[in-house]
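Presented below are the structures under discussion, each in the form of structure tokens.
Across the two complexes that follow, subunit A remains constant while its partner is subunit B and subsequently subunit C.
Let's turn to the complex of A and B:
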């Protein structure tokens, strides 16, 4: 006999508020291996089917790919395997789940109730870290990151000094509590090094580094909640933080991801959709100059479809750029008010 | 509106006042511009501003400013000391001052050090607080939805997040009737550039160990703020492991007190699901468990101590030191005290030795301060929980 948590009341309320979605009911509270679980989502009848697989070690239940991310919008919490255990069992089972999972319902709704071309709710705030020269919080749905900018300042390590431009550095770190199951990873693993590099290159492309020779700009991004699209959220947060620090930039670089699942292009993938194994296109975009500065994709995709998917991500970037502009205007008004103008 | 703007300045820019006075001291040529600024602002302000609230602060700051400034300005200050306008003029000129220091690193000049030490000796610190006054505490609970409990605490510019995650595990064989609690602190590089890479590890470890010592009691688990035996599900087989993860988002001194308070708030926000054990498991087999969907057990957090850090600067000690004040400390004692007034843990940091009688004196002061802190924290936590329920 296996069992599952259902949603905590409070979580349900939070979900309803954030995503306008809630779990309608469980078809069963006690389920056995191999039984199907059906979840109804309000506002339409998106039905998610997943099989239960059994871990031999502890005989705990996991619900397919859904449980792989207990922090995603559906938030099905299950008893964990203990420290270090991954929620997904193995790649073979993940593959099976992927085939069985339906990411877009016949009515055209996604797992969290969005339309395919709908972005998650975004929220931004300038000035989250009092001691930094510039800082910002950026939220995309349940993904939440903080960015802090220090500089331009004297170069700490003299050997790295560049005589005709500023040195831009970046560090990406994830909090232990940012993922569904608690992780304790050493700093500087390969994934975060790669993301640091991506963010650094993207930001370097839009900062007017030649105006600040022999100086250093540090960008630190900290992930508080990870639910897919952390890369994009980090770039957006870093843009806001750089603007807050008053660092000259060519344009506000924004980023958004899109994917292609169940033959539908999807905007702004969350963790479940991201880990489904389909293509995931991340785009960094300069809206005013109309230029792409970052482009990454996993998996494979026909060229004509790729064009559509990338275009979708670019539209997402433009929407984010508009929002960021609004937030900055609001912030400037606040500053003006404080000065008494 | 103008008035608001001034009070804002007053609270946020106290250090720049000292900086100005120093720049002044070291560069006599600048004194003319300084006085000119003063004069201009004086004229400006005479015309428009209502002044009441900050009047009292004049007294605190005037002497120390006078101490740091050369004689000429001193006489200027004292000549017109009756006028509240002067103080504002002074502050205003601070904003105009060309001296700008980057934040983050504590690089204090001798004058600034003197200013901080002198202020503490006179019982008014550079942000207007007394020696034993905390900065306002802001508590938010339930900030991290994927954890069982979480809280964010802000004290001035210090900003920490604490989360509690509960996982089912096996108790260790030496203590089959006790659950496990572990505390980890992570210093984010957003708090200070020096925490980049592995730079924050030393401080993280120091803070984790100090928190474990203060909150978790001895090796046997006795004397812990959290009742470890309440975490056991099946004796010797299943227990709850609590992982308390803290993140320092922004650091402006007094991290340990803030982290202690954040853990207390996070634990009072934590709900642990009720567990039903299937009967019939025997021998070495792990019994099967059924975790409740609806029922959550709350912690009794009234026994969890708060941590009060007394930082000794010169002959006096202060609570809730900022980074600048901490850079001037000779030693610091962190004392964790519970509601009953019992001492639950003690850590001394800093190189300088302390006279035993001073230690005892500090403990009694900490006990007194902790009463106020516990009450304040409890009301803030209750308010945060109520606010979360409403929204």
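Let's turn to the complex of A and C:
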């Protein structure tokens, strides 16, 4: 059976973030747990399979990847569903309990159409905040992060002043609109405190703080769109912003995540893969010094597989470093020739 | 790449692009081999056997010279350093800076001059308003706020770096409090060090101070009275000077004439346009921009529009190509 319908913009946006769809005008009736859905994105490249994992009279939840698509039309093949279907998918726990999910198709494609070792598209832009000393926007697929650096400047709280090096501070926050459902939590929750700390430590390791004694460097990062890998994106954005602010650094720090699902190492996890609850390795890497400054992992992995997964993340870091270096060099050249002699 | 944030239409975009490309080609011809741009952790090609001196922005990494900032490699004899663009201001002794008072402390003012720390202006390193050279008493200390208050804009000279930070001095009448004007902040790398940083634009009645720290002051012209001369004058003349001070008070009440204020705004906008485009800021370029705007009969607010920016960019490209040919 086949039905064709167009999605509203809003629906499409949600679709991109989570597998949450409000489907309209479904024609017929039967849907049970375990039914397979095939959703084709018209004119797109990927075909995505989904499985119904929970259903009730008016709603159903399904698992399976959906992609960002510029087209508004989706083609639904498979069993027709009840009217006003409103699927939902929640926390990692539920995911785990529900089903064994297919994250890599037999054809070797991931839920969003990437190959296992393929990274999402990255984009970086220097100079997004006019008042800051340095700023940058960094995008990895649908994850979008903005970073601003102030300083080195006079220490605001004199008691924190360090006499032989600079004080580095970092604040991480997520915009309320960054996730699929609007976040209403106040800032300063445990998660963001932890990520702030992680970013601070990573950046502090590469900034030559002893060159700027009795001063303070503030790094502010905000997540504008969250689609997995926000930690990595934040570190990359912070590096660019620090470079833009002209702060001396030992080396660039870049970061990338990788995971292990369906016995396949996957590079640069997106939200769906991230919330599968499998191992998620985030690596911060200094490409020139060939050193790791950050290594985090959720869940467990055998050591030999872990090495592979980490190596994959490091490869990702190197690729990002090349891109970032290109962007910075281009920016420097621009500034120099515009100023003239 | 840092984008210029302007709302341009299609033609303007192309014109701006063309102008910038022209600038690029001009500068790439000028320094094709000597100084190259580097980004962080790029290695700088040097011959280490020659006894190279490692300057700012470089780091020795396993026998390899590596840049620690994004910028341009400069070589002076044996010294190799990287000149960072868009960094905070790095003071040098004798620089003329403009700053804002952030704190009045014991015997000193703390000034924000866009450096990594606040600069210090000691009470003892500036001339008192009465112009007499003497020891600073406790009374002077109590009256410090009558000289400069918090948030006042001040012009001073860099004296040097002592153990407790960067020290400034203001031992001449040309330094001191700046009033009736605008303070503009531009990236410090756009202001080059020159012989002259104070400019009196007579035809406009405007004072222009290009601080080395990227703070630019545009204000109404004030007559500099040299206190050294004043010391020598006899009593009757001192009475005259008293009269002068009364007339000064009257001047306080009278407003700055509207033409002067318009001129201040026009010059300020010229500086803003140049800063948006990232062009070097010096007196000639500012005057060129200003003349261009008045010859086009543009209103002051129109100077910040996209059309004028494109025109300035084209003018700059033209100007640089002309100087090129001469050279």
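In the analysis below, the second predicted complex is superposed on the first by the 244 of 341 C-alpha atoms of A that agree within 3 Å, B and C clash if a C-alpha of one lies under 4 Å from a C-alpha of the other, contacts with A are read in each partner's own complex, and residues count from 1 in each chain.
Rule of thumb we're sticking to: a residue touches a chain if its C-beta (ideal position, glycine included) is under 8 Å from a C-beta of that chain, and two chains touch if they have at least 3 such contacts.
Values in this document were obtained by computation on a predicted structure and should not be read as measured data.
With both complexes overlaid on chain A, does A:220 touch subunit B (first), subunit C (second), both or neither?
first
Identify the partner contact of A:175: answer first if only subunit B is touched, second if only subunit C is, both if each is, neither if none is.
So A:175 only meets subunit B here.
Which of the two partners, first being subunit B and second being subunit C, lies in contact with A:331: first, second, both, or neither?
After superposing on A, A:331 lies in contact with subunit C but is clear of subunit B.
Taking the superposition as given, does A:142 touch the first partner, subunit B, the second, subunit C, both, or neither?
So A:142 only meets subunit B here.
Check whether A:127 is in contact with subunit B, with subunit C, with both or with neither, and answer first, second, both or neither.
The second partner, subunit C, only.
Using the touch definition from the top, say if A:339 reaches subunit B (first), subunit C (second), both or neither.
A:339 contacts both subunit B and subunit C.
Under the stated touch criterion, name the partner, subunit B or subunit C, that contacts more residues in subunit A.
If we count touched residues of subunit A for both partners, the winner is B.
By the touch definition above, which subunit A residues appear in both interfaces, subunit B in one complex and subunit C in the other?
130, 133, 153, 337-340
For a test of understanding, state which residues of subunit A touch subunit C in their complex under the given definition.
On the subunit A side, the touching residues are 125-127, 130, 133-134, 151-154, 166, 208, 212, 214-215, 243-252, 287-289, 325, 327-341.
Touching residues of subunit A toward subunit B in the complex: what are they?
1, 3-11, 14, 17, 29, 58-59, 70-71, 75, 79-80, 82-83, 128-133, 135, 142, 146-148, 150, 153, 156, 171, 173, 175-177, 179-180, 182, 184, 187-188, 218, 220-222, 224-225, 337-340
Under the touch definition given earlier, write down the residues of subunit C that touch subunit A in their complex.
Residues in contact with subunit A: 1-3, 5, 20, 23-24, 26-28, 30-31, 37-42, 57, 59, 61, 66, 68-72, 84-88, 102, 112, 116-118, 165, 189-190, 277-280, 316, 320.
Residue numbers of subunit B touching subunit A in their complex, please.
Residue list for subunit B touching subunit A: 1-2, 4-5, 8, 102-104, 142, 144-147, 150, 156-157, 159, 161, 163, 165, 167-169, 184, 186, 188-193, 196-198, 201, 241, 243, 245, 247, 249-252, 271, 273, 278, 286, 288-291, 293-294, 296, 391.
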